[in-house]
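Same chain, two partners: subunit A is paired with subunit B first, then with subunit C.
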Partner chain A sequence: MKKLRMAIFDFACCEGCQLQIVNMEEGLLDLLDIVEPVEWREAISDQSEEYDLAFVEGSITREEDEQRLKDIRQRARILVALGACAVNGGVNRLKNAPDMDEVRRCVYGNSATMPHLATAPTKAVGEVVKVDFEVRGCPMSRREFTYIVRCLAAATTPVVPTYPVCVECKLRETVCRYEFNEVCLGVVTRAGCNAPCPAGGQWCYGCRGLVDDPNVNGAKDIMDKYGKTVADLRSRMELFNSVEARQCQGQ
Partner chain B sequence: MPAKKLSQSALALWVRKLIETRRVVAPQAKAEHFAYAPLSQAEDLRLDHDVTILPPRKYLMPPSEVLLRFTRKDGYTSVIEHEPMILFGVHPYDVAAIAQADRYFLHDRPDIHYQTRRRSITIVASDVQNASEDVFAACLGTATVHDGFDVLLTRVGDAYVIESRTPAGDALLALAQDLQEADPVSLGRREQVWEDAQKLLRRQVLKCNPQELPALLDAAREHPVWEKRSQTCFSCGSCVTVCPSCFCFDVEDELDPDLQSGTRRRQWDACLLSGFAVVAGGHNFRKRREERYRHRFYRKAKYLPERFGFMGCVGCGRCVKACTAGIANPVEVYNTLLEGAS
Partner chain C sequence: MTINVHHVTRIEGHGNIRLQATDGRVEKVLWQVPEAPRFFEAMLRGRSWQDVQTVVSRICGICSFAHSLASIKATEAALGLTVSQQTDQLRQLAFGGEQLESHVLHVGYLVAPDLAGVKSVVPLVSSHPEVVKAVIRAHRLGNEWMELLGGRRTHPVSFRPGGFGKLPTEKELGDLKGRLMNVVQDLKLIAATVTSLAGKLPAFERPTEYVALTSPGCYTFYHGQIGSTDTPDTVAVERFEEIANEHVVAQSTAKWARWHRESYAVGALSRFKLNHAWLHPLATTTARDLGLTPACCNPYMNSVAQVVESVEVVEAALELIDQLLTRGIKAEPLRPVRPKAGTGVGAVEAPRGTLFHRYTYDDHGVCTAANVCIPTNQNHANIQKDFEALLPEVIDEEEPRVRLLFEMLVRAYDPCVSCSSH
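This part shows the complex of A and B:
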């Protein structure tokens, strides 16, 4: 079988998702049996003209990055968004306040007007180019990453969960965070991580993004049931799902 | 074998003996709740549990089980996973649910995976000592059971009445020391426990005879209750995942890293999940929340009774607690329908 020519690119992010790949150890050797890295700044020095499989990590925050991304898209047969930053903007999206000048001043102080720091509102990769597949999470799930690569190499369609994290909580018999009087985003967040946060005693902060048809209105209604407010819900959604959080009106 | 009597200390010794000989799985404390888990010492056994988070079906049909291994070159080999096991302390309503699974998976064309695992499981049932706050088993006739287990344990004051019903149960009892004949007083107290269970396991009251439910539902397809209650449904499937009477599954193949071989698994599925009814080509024939929410009640109280003669619900009340939105309670739904019908 011919190996897939693979490239990995990073934009605005902490590169934690790439680190997940580098840290796969033996898994990485298995991966190299089916893909051939042709461009990957963190691991090799080569560059390539085209790729079967391009992984894009990070969000798009500068105009020149949009162009670079479009260029990658043109050379790639399949493009996969890697991690929360790429899939929906992730934590980077927090900065998308109405006044970008204020954001620049706050972060860069006196250097705020330097041209290379001209930051624009954060976009997810899918807002700039067509994304074929997503590997969600912050950092992304290694298990899901290798699964998706295997599916693509075998030309089958990967099946990733469309249901909420609660399913995995129940399967692990984790006692629900709502019983501890906490607001947990697992009810609207896409599963696939095996619910490690609630199992470790921490509410889910939604790093895998929302399910396709999240019942955010339902979430608002049940805040009353647990003596919480919509503001409690919204503050938790800000971190990874700020766009949806801002659509969530009311008290 | 006639009923015997066992003191508390003799019971603990017997359980210790069982742990030495076989894998014993029993309810144990988990945070403020209880869960079935392998028992490593008799002290961890909680026969006083009210209800477990997941029912014992996780051992009869694990959430993810391997059905077969395949290779591109040589076809496939079935994988039959099983391990001799004693399911210890199973409440009557869960015993009733296991009998339902037996009906689905062992009759007509037996499911070899279920069958093999089922045959290697010995069930020690236990009458309920503490009722959970949501239970309504007594309304459905599952507060006590008189078959479907190998051994039944009933606490009578400081001792237990213990009765074996099968050769596998006799073999377990043979490991107990200090077994006495059950005296008439203890047997009388056991009768009393069974009678009391009819009141204790009725924390919620279904306001009709369960036999009336299929007809009630038949007339209720367009009832506003479905739309109204499902508005806050998260399609999280928790109500189904924790249910002892639900057995839906999905089958998935996963390739090994070399792409030359792989594994086919059976996984629990849940009809409340948005993708449950998606078929090839992408059509979803229960696309709306409301339709999925409604389906669960129809399956449990109409389709299954009509096909098999029993309800797909044993009244354990697990779904009531598991539903974050607080809308899954079957008793509330049926009673609401009854209000409209009268």
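This part shows the complex of A and C:
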């Protein structure tokens, strides 16, 4: 099998998803049997003109970055959005406010009008170019990344769960975070991560995005049962799903 | 000579090197940071005290434990929460894992290719298989150590204001101890290899101000006050804005810092210079074998100081585990928190240097203002000053060599550029 020429690019993000690739340790050596990294600024000093498989990490916040992303899209046969920032904007969307000048002043004070500090509302990669596949999560799961790369190398379509994180907590026998009087977003969040956060002693904050058809009534029942309000849920949902959090206003 | 390196490779984030000289005369020498800022201080306004650490952890994928811990310390200070000795020691133990993981990643994957004259770690897999395997094992251990105590290896979930959401068991800590004892051999091999290649590090010296947390009696990463090589006095972390003096410059979306001079340096070399007296025995020996002395003013030696610290955190962790196991791990359920208005600062030594978080909360525990000061912010001006001193020294060398020396200089700082443009 011919190796896929793989490139990895990053925009506004913490580069934690790329780190997960390095964190595969010996598994990364196995992956190198099916892909050949031809451009990956964080790890290697080579560059390339075209790629079979381009991974894009991070969200898009500037005009110049939109241009760079469009250029990458033209060179790439398959483009994959890597991680929450790329898939839906992630926490970076929290900065999206009606007044971007005020956001700039908050950080840069009197220097905020300097041209190099310009910023626009955060966009996901898919709002700028066509995205062929997504690897969700903050950070993305190494297991899911490997699975998706192997599927693409074998020219098959990866299948990602459409059920909520609660299912994975039940399978792991993790005690529900609501039993600790906490608001957990596992009830509406897409599974596939194997629910490490509730198992690690914290609620799910929804970094993989919502399931396709969230059971809103079921979520409301749980809120009622544990004395929580939709406002509690919405505040937490804003972290990684601010668009959906706004939509559930008034529900 | 014109050198334009657009987006330096093998560093975290985006930085450019711009050099121009004619007939031995320097015309331009710039360390540019065009990274897209993300405006975290604006993002935090309106967030609950419970969610702040979840957001700020995302400032950095490589030092997310540092951000989580600094954040939790700041929130605890603001809300008046105290933690048990067990919580304090478990956090310090967890943080050692991040230092090991981050330092081994930097030295083994990002710096070593320069010393071996290759473009990435990939060719080293066949040319130096034993030491690459040692690097992978040490990196894996760092990660699994973090995962055990933080719940995840990136963006931890077990640390909570007031304590832990999930505690490790005594058996798990005992297992970790065994693995830490085994990794010492790998670290010795890594140190010996770096020693054999240390001659490849440029002999460039530029004294500057070196800043780190300091706490007498301990090579500290987690507690202490702000120390500097320019003054014997220490400064409380609550006054960090007065020492960092952050300001905006046209060549960088990340702010710069200055204290007693035009610039200062943070990171492993600064910590070593200020706190070397309290290194554990094997770390002390490792420093001596590597030729690292407290008088060192060579920024390229920061990577060597990271090797010393990799040994240090393992020795410190072994001690911490012994103390924790002697007392036994006690269940300490999180107590309910009654939010109150207040301001708090948290500071830690991230792998790349001193990190500060300040938050202000209203009486519902909602964040109304935040300020985060990143290690690489504090290093950017110092990198620029190093550039200005280095170029005249190497101006007669071949262009590819000059380019490599500048790229290596940037890498030596282990910059977290996207972190600095948070």
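Throughout what follows, the second predicted complex is superposed on the first by the 243 of 251 C-alpha atoms of A that agree within 3 Å, B and C clash if a C-alpha of one lies under 4 Å from a C-alpha of the other, contacts with A are read in each partner's own complex, and residues count from 1 in each chain.
Everything that follows uses one rule, which is that contacts are C-beta pairs under 8 Å (C-beta built on N, C-alpha and C of every residue); 3 or more make two chains touch, one makes a residue touch a chain.
Treat the numbers as computed from the prediction; the structure is a model and nothing was measured.
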Side-by-side fit of subunit B and subunit C on subunit A, or clash: fit
Which superposed partner A:Arg104 touches (first subunit B, second subunit C, both, neither): second
Of subunit B and subunit C, the chain that contacts the larger number of subunit A residues: C
Which superposed partner A:Ile222 touches (first subunit B, second subunit C, both, neither): first
Superposed arrangement, angle subtended at the Cα centre of subunit A by subunit B and subunit C, nearest 10 degrees: 110
Touching partner for A:Leu32 - first (subunit B), second (subunit C), both, neither: second
Nearest Cα pair across subunit B and subunit C, whole Å: 12
Subunit B-facing residues of subunit A, complex: 1, 27, 30-31, 33-34, 146-147, 150-151, 153-154, 156, 159, 162-164, 166-167, 170-171, 173, 175-176, 178-179, 186-188, 211-213, 215, 217-219, 221-222, 225
Complex contacts: residues of subunit B adjacent to subunit A: 30-33, 35, 53-54, 63, 231-238, 241-242, 252, 254-255, 257-259, 268, 270, 273-275, 289, 322, 324-326
For the subunit A and subunit C complex, residues of the former touching the latter: 10-20, 22-23, 25-26, 29, 32, 37, 41-46, 58, 61-62, 65, 90-92, 94-95, 97, 102-104, 106-109, 111, 114, 116-117, 119, 138-139, 180, 196-197, 199-202, 205, 235-236, 239
Subunit A contact footprint on subunit C (complex, rising order): 7, 9-14, 34, 36-43, 45, 47-48, 51, 54-55, 58-62, 64, 105, 109-110, 113, 119-122, 125, 136, 139-140, 143, 150-158, 160, 164-166, 247-248, 250, 253, 255, 334, 418-419
